[in-house]
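One chain, subunit A, links the two complexes that follow: it is found with subunit B in the first and with subunit C in the second.
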Partner chain A sequence: MSQRLPQWELTLIVLTLAAAAWSATLSPYYLSVGQILYSTRQFVYPGILSIGLAVVVILSEIDISLASTLAFGGVLFSKFSAFGVPIWLAVPSVVAACAALGTLNGVLVARMNLPSLAVTLGTMGAFRGLAFIIGSETGYTSFDDSYLFIGSEKLFGALPVSFLLFLALAIAIGALMRWTVFGRRCYAVGRNKEAAWAAGIDVARIKIEAYALAGGLAGLAALVWIGQYGSARGDNADGAILFVVTAVVLGGVDINGGRGGILGVVLALFLLGTMRNGMGLANIGGPTQTIVLGALLIVGVLRPAIFRAVRRLYRLLTPRPPTHRPRGGPRSQSDYDRRTQGQTRKFAHMTRRNT
Partner chain B sequence: MSADIGALPTEAAQKSLGQFALRFRVSGVLAFLILLSAGFAVLRPQFLTPENLSAILSNAAILMIVAAAQAVILITRNLDVSVGSIMGFAAYLTADYASRHQDIGPALVLMPLAIGGALGAFNGLLVAYGRISPLIATLGTMSVYRGLTYVYARGQEVTSNKLPHWVNVLPDMRIGVIPVLVLLSAAVVCVLAAFLRFYPLGRRMYAVGSNPEASAFFGLRTQRIVLLAYLVGGAMCGLAGFLYAARVGTVTVVLASGWELTSLAAAVIGGVSVTGGSGNVIGAGLGAVVLATIDNGLVLLSVPEFWRMFIQGVAIVGAASADVVIAARIRGSLRARRQRGRSGR
Partner chain C sequence: MTLRPKLLAGACTLAAIGLAVSGALAKDSGFKIMMTPKWTGFPYFEAAARGGKDAADELGDTFVYAGADHADVSLQVETLQNFLTQKPDAITLAAIDLNAVAPVLKEARKDGIVVTTFDADAAQDARDMFVNQMSYKQAAKTMLDCALMDSPDGGEVAFVAASPTAPNHTAHIKFMKEYIANDPKYQVFKVVDTQYANDDDAKSYDVAVNLMQAHPNLKVIISSSAVSAPAGARAVEASGHAGKVYSTGFALPDAIKTYIKDGSEKCFALWNPYELGYLAVYATHLKLAGKLDPKPGTTFKAGKVGEYTVGDGGEIVYGKPLMWTKDTVDKSPF
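For the complex of A and B:
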């Protein structure tokens, strides 16, 4: 597995470059540093959500309430701004509040053993409702400039601060997942919950922490949102969760948990961003973009099945020399594997947990 | 569910226990519905007028069909979030066709059924044979189907005066005092419930949902059964889309977007477990009525729209927790009985 992952990430890079080249042929305005950096705005806030979701998915859970958490965070920022709270106080408070919402998800999922899809489906509505209840139906637009800095400002005239924030968060969470005890335990729990529990890992606690982390990141994404759009309302980022889930899955994170990394998610975001940007410049309408997004999602997940089919075809087409095993000699592990492969493959989709 | 302990001496007692629990779940929804209605009736007397109750039922009617479709899929331990897009796609194509063939009769109904069935079957192929997680597969097809509707429609909409006359009057027709739509939905829900309850194929759907691995070893063709569940669900969504189009009159490309979540909410509130194998279609139908009652009551109380989202969300989490608590109770008592049976031998 560890050999296949970099391969997928390389594929993503190649696809991104291909998409960029294609965009360059479609529109003469594509190839400029300013334009490309500006286009990163489109995927920064869903990108931050994807990083959080990736951690949850690696634990083989799901959180579809993240976009609603973002809306809640945005409305909370608007309240802080209206009361004139300084930004250095507002950011930690909002992040903490959003992390608290995440913790609520985590407690419901991990301590009460509820299915994560049902829980986050419910809290998706509840959090958005909460955002409307705290704010009101009219949006808030008169943010203090200090609140808008991260989402709207550009360094050296081109480099958006939000993009830097996204990269910093991606590197931090990537390092967290790769090199810390927490991260490795996440993979262990995602691979095999029972085994991880038997090895002494507090599975429920890890899950709650992951949900809290995802919620806190959604709070930061809200900061980016208000900077980009200059407004906050309960229906912010409505429907963004499709893009977020697509990025995570396309990035090679196994929806059944335990596999994939943040690097893949970031590369998938670059690919999706490049495609959106290119299609936008080429005047390809929103509906077509949606079709492409959905198709990409399906192909991204069908990937293992396609690999399998291609490999089987390859095996069928190339004649194999017959394998000789000394009569009565010990069976090797590979013999055993070969014999059982058909069986395990046949039932592989059922032994995994469906989400 | 309790097939594994069928050989134990206290079989009769366990059977009644299982039936009691199932009844309890549906009667729980019913009790909640009655409590809710009583609450609204006390706060607003006009809630209990026949006109209002009939309005609630007509509002719930189409959602009942979609929730039943979602329930069939949930029972096989799968999920369909593309129901809204299937409804929109089937409704738009059908309305567009009908607008160009004014003299078409009720045979038109076959068209949304076929379209919905085909789209559902595609979902089923991806999930059962492509082995994609149902959430991801249908999330993808949700945007693909919706996008295809956009591309086909090119920003046009089909207005009600272009539809055949009988389509326009269909939602207002009544048999006695009960709207035809309500009767039709109730019939669909009952047929699906009877199919799942009494037909071997229906029982197999429960078997696949409660333990896919075991049912495969038992010899069930799990993939085919899942595919069938998606096909039936898709066809029902197509029908619901057509009825919804007839009800709202003007068919736009965004018709029925957001229904995936509402239908899931109705099914979960009605006691259909998202982990498969338990719950029934009647419960999902009742869940739809609960949602419509909440909507109606909140409007009567003139509570702002967004409270509905909040209450609906809390209701989903509450229903899911109730399911888990009940399941844990059943498991605990079964284990206790099994141990008693073993020590008795």
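For the complex of A and C:
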């Protein structure tokens, strides 16, 4: 993998700056450090879910049950608070419980070989049902203050604690994916499951671990939720998964797995957050906002095609010596070389580890 | 002793200046009032916004209406947070989740912003006033009256609510059950089922179809969701139950016009959302201008929509049901 900042991440930074400039012209209230910092709390909980989902998507799977896992975590926190459990015990317990739900997803997907979209569609309903059963119908609001600290406090009058938690998690998971054996194996499995298996990677186990990680992160997102909204109820974060998937796809994580990284997802969240903040402050109507965000998502999905088109255009415009190969005819040796070279490059990160 | 009158005169002048200053401080117009609905684009809330705008124009206030295009509480809180940044004098909203909006609304009140809820309330300590369309009892009675027009001999009824957590829907169902149990007029009915459809059109349709399959003797499906009631009417017609099963409850006239005209449905109900929005903004303005103290028993006149009395907990009940029948469905006032 190249060490310089990849093209798409750079594009996202430029787009975010452009969106910020645009927002400043839209609303006189936008351009203030305090305002911008404080607005970050709006995408912290979907952001934490996105980081977890990104790991699963890199493995070429999907998890749409994460918002339901968050709701489960939220009502679990409310029960712990009601029974007076100290926060230092409640957080690891809820994270573990949510990771257990993730593990269940992982086992169904990886050990039973079931399609992940179908499995997590099912558990999306099941986990939310569980949240409704555990939680009361009216919701819980009498949280102990220690439970609310992360999600509600801000430092220096503007910097949300939850945003710091998000950054810390993003850096940790980013490092995990980039510099550890676990991360490299995730990319290997995502690109070519069979090859990864042949290379001795326990594909099923790594998938289960990824689902557990995403579930555990949803538990932390639940901690942010209860602080931010001061309440927990079975229907919390219902419908949030669309935004989460948008951030992952727009962040350059290939929906077919194996490509993309956490940095891109974080930058995509900054872009989406900036756009929503600016349009919100300008009181732009909901439908317009949805159209703009939807257009961004389409750009994210079409990104490879757009890049290909740009490259082709570039090639057409720059004269090169013509290479002739009859249609359907035998492939030349140089063609073969080019392809194998590509494969060698693709698996360079694995071979590097073996040497 | 000659000093006395001078001192007195001085005191009078000071008092006069003081009065003039306080008079100038208590503004009477030019307030910035911001409104957010549960979600934008729905004709019901658009009518409420028109009402709010008209009241603001009449009173010389600035009116801003904004929100997300679907009912998502985190988006609503984001909208409210954006409102706060713009430092309005007042915020009016229809709350999606009464507790989840509370922290941001309390923050607003701390900044001296007047908070009025309409259509759906927030936690009581998070707002100044709640403009309720109808008391829960009145709403329950209105829907049962409609059900009686559909099926004068009574029979089995089923309820469809948004979710077990929707406070108004669950309260309506509770009172309808009480009326059916205790009021001789409604004892002809028998409650057989309650289902949840999340204010979603497709889900409501499926729920209605399932209800008709599960209860062959079902007579009326009642829903206080303005999404579920028309979807129920569509399901009744599509599944060939017209004339045998009726759907009723609260609905916008445009959504049920065809069914009432072709005779497959006889009655739906609502209130005037335009006047509801107007009343919410008008009461908010009076509070800002220091002309309304929302304590129980206070009466006030809200421009063209009439006189109202503040009830317990700062609740103002609008309370004028509209029934949509063959004769009235074309004469919608909004």
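Just so it is clear, the second predicted complex is superposed on the first by the 307 of 355 C-alpha atoms of A that agree within 3 Å, B and C clash if a C-alpha of one lies under 4 Å from a C-alpha of the other, contacts with A are read in each partner's own complex, and residues count from 1 in each chain.
In this section, contacts are C-beta pairs under 8 Å (C-beta built on N, C-alpha and C of every residue); 3 or more make two chains touch, one makes a residue touch a chain.
Since we're looking at a predicted model, the values are computed, not measured.
Visitor: Just from the overlay, do subunit B and subunit C fit on subunit A, or is there a clash?
Guide: They clash.
Visitor: Applying the touch criterion given at the start, work out whether A:132 contacts subunit B, subunit C, both or neither, answering first, second, both or neither.
Guide: both
Visitor: Output check: A:277 vs subunit B and subunit C. Expected answer is one of first, second, both, neither. What do you get?
Guide: Second partner only.
Visitor: Quick check for you: in the superposed arrangement, does A:234 touch first (subunit B), second (subunit C), both or neither?
Guide: In the superposition, A:234 contacts both subunit B and subunit C.
Visitor: Is A:29 touching the first partner subunit B, the second partner subunit C, both, or neither of them?
Guide: Touch partner of A:29: subunit C, not subunit B.
Visitor: Where does A:95 make contact in the superposed view: on subunit B (first), on subunit C (second), on both, or on neither?
Guide: Neither partner.
Visitor: Determine, under the contact definition given at the top, whether A:290 touches first (subunit B), second (subunit C), both, or neither.
Guide: Once the two structures are laid over each other on A, A:290 reaches both partners.
Visitor: After superposition on the shared chain, which partner residues are touched by A:121: those of subunit B (first), subunit C (second), both, or neither?
Guide: Only subunit B is touched by A:121; subunit C is not.
Visitor: Applying the touch criterion given at the start, work out whether A:45 contacts subunit B, subunit C, both or neither, answering first, second, both or neither.
Guide: Only subunit C; A:45 stays clear of subunit B.
Visitor: Tell me which touches more residues of subunit A here: subunit C or subunit B.
Guide: In the superposed model, B touches more residues of subunit A.
Visitor: Which partner chains sit in contact with A:269 here, subunit B, subunit C, both or neither? Use first/second/both/neither.
Guide: Touch partners of A:269: none, neither subunit B nor subunit C.
Visitor: In the overlay, one of 225-233, 243-251, 279-287 or 333-341 from subunit B clashes with subunit C and the rest don't. Which one?
Guide: The one stretch of subunit B in steric conflict with subunit C is 243-251.
Visitor: Would you tell me the residues on subunit A in contact with subunit B in one complex that are also in contact with subunit C in the other?
Guide: 132, 137, 234, 285-287, 289-290
Visitor: For the complex, which residues does subunit A have touching subunit B?
Guide: Within the complex, subunit A touches subunit B at residues 62, 108, 112-115, 117-119, 121-130, 132-133, 137, 234, 242, 245-246, 249, 255-256, 285-291, 293-295, 297-298, 301-302, 305, 347-351, 354-355.
Visitor: Spell out the part of subunit A that touches subunit C in their complex, as residue ranges.
Guide: 27, 29, 35, 38-39, 42, 45-46, 132, 137-139, 141, 152, 228-231, 233-240, 276-277, 280-281, 283-287, 289-290
Visitor: Where on subunit B is subunit A touching in the complex?
Guide: Its residues touching subunit A are 77-79, 126, 130-137, 139-144, 146-148, 150-151, 212-213, 216, 222, 261, 264-265, 268, 273-276, 304-317, 320-321, 324.
Visitor: Quick check: in the complex, which residue numbers of subunit C touch subunit A?
Guide: 34, 39-41, 64-70, 72-74, 77-79, 81-82, 85-86, 97-103, 123, 163-165, 167, 170
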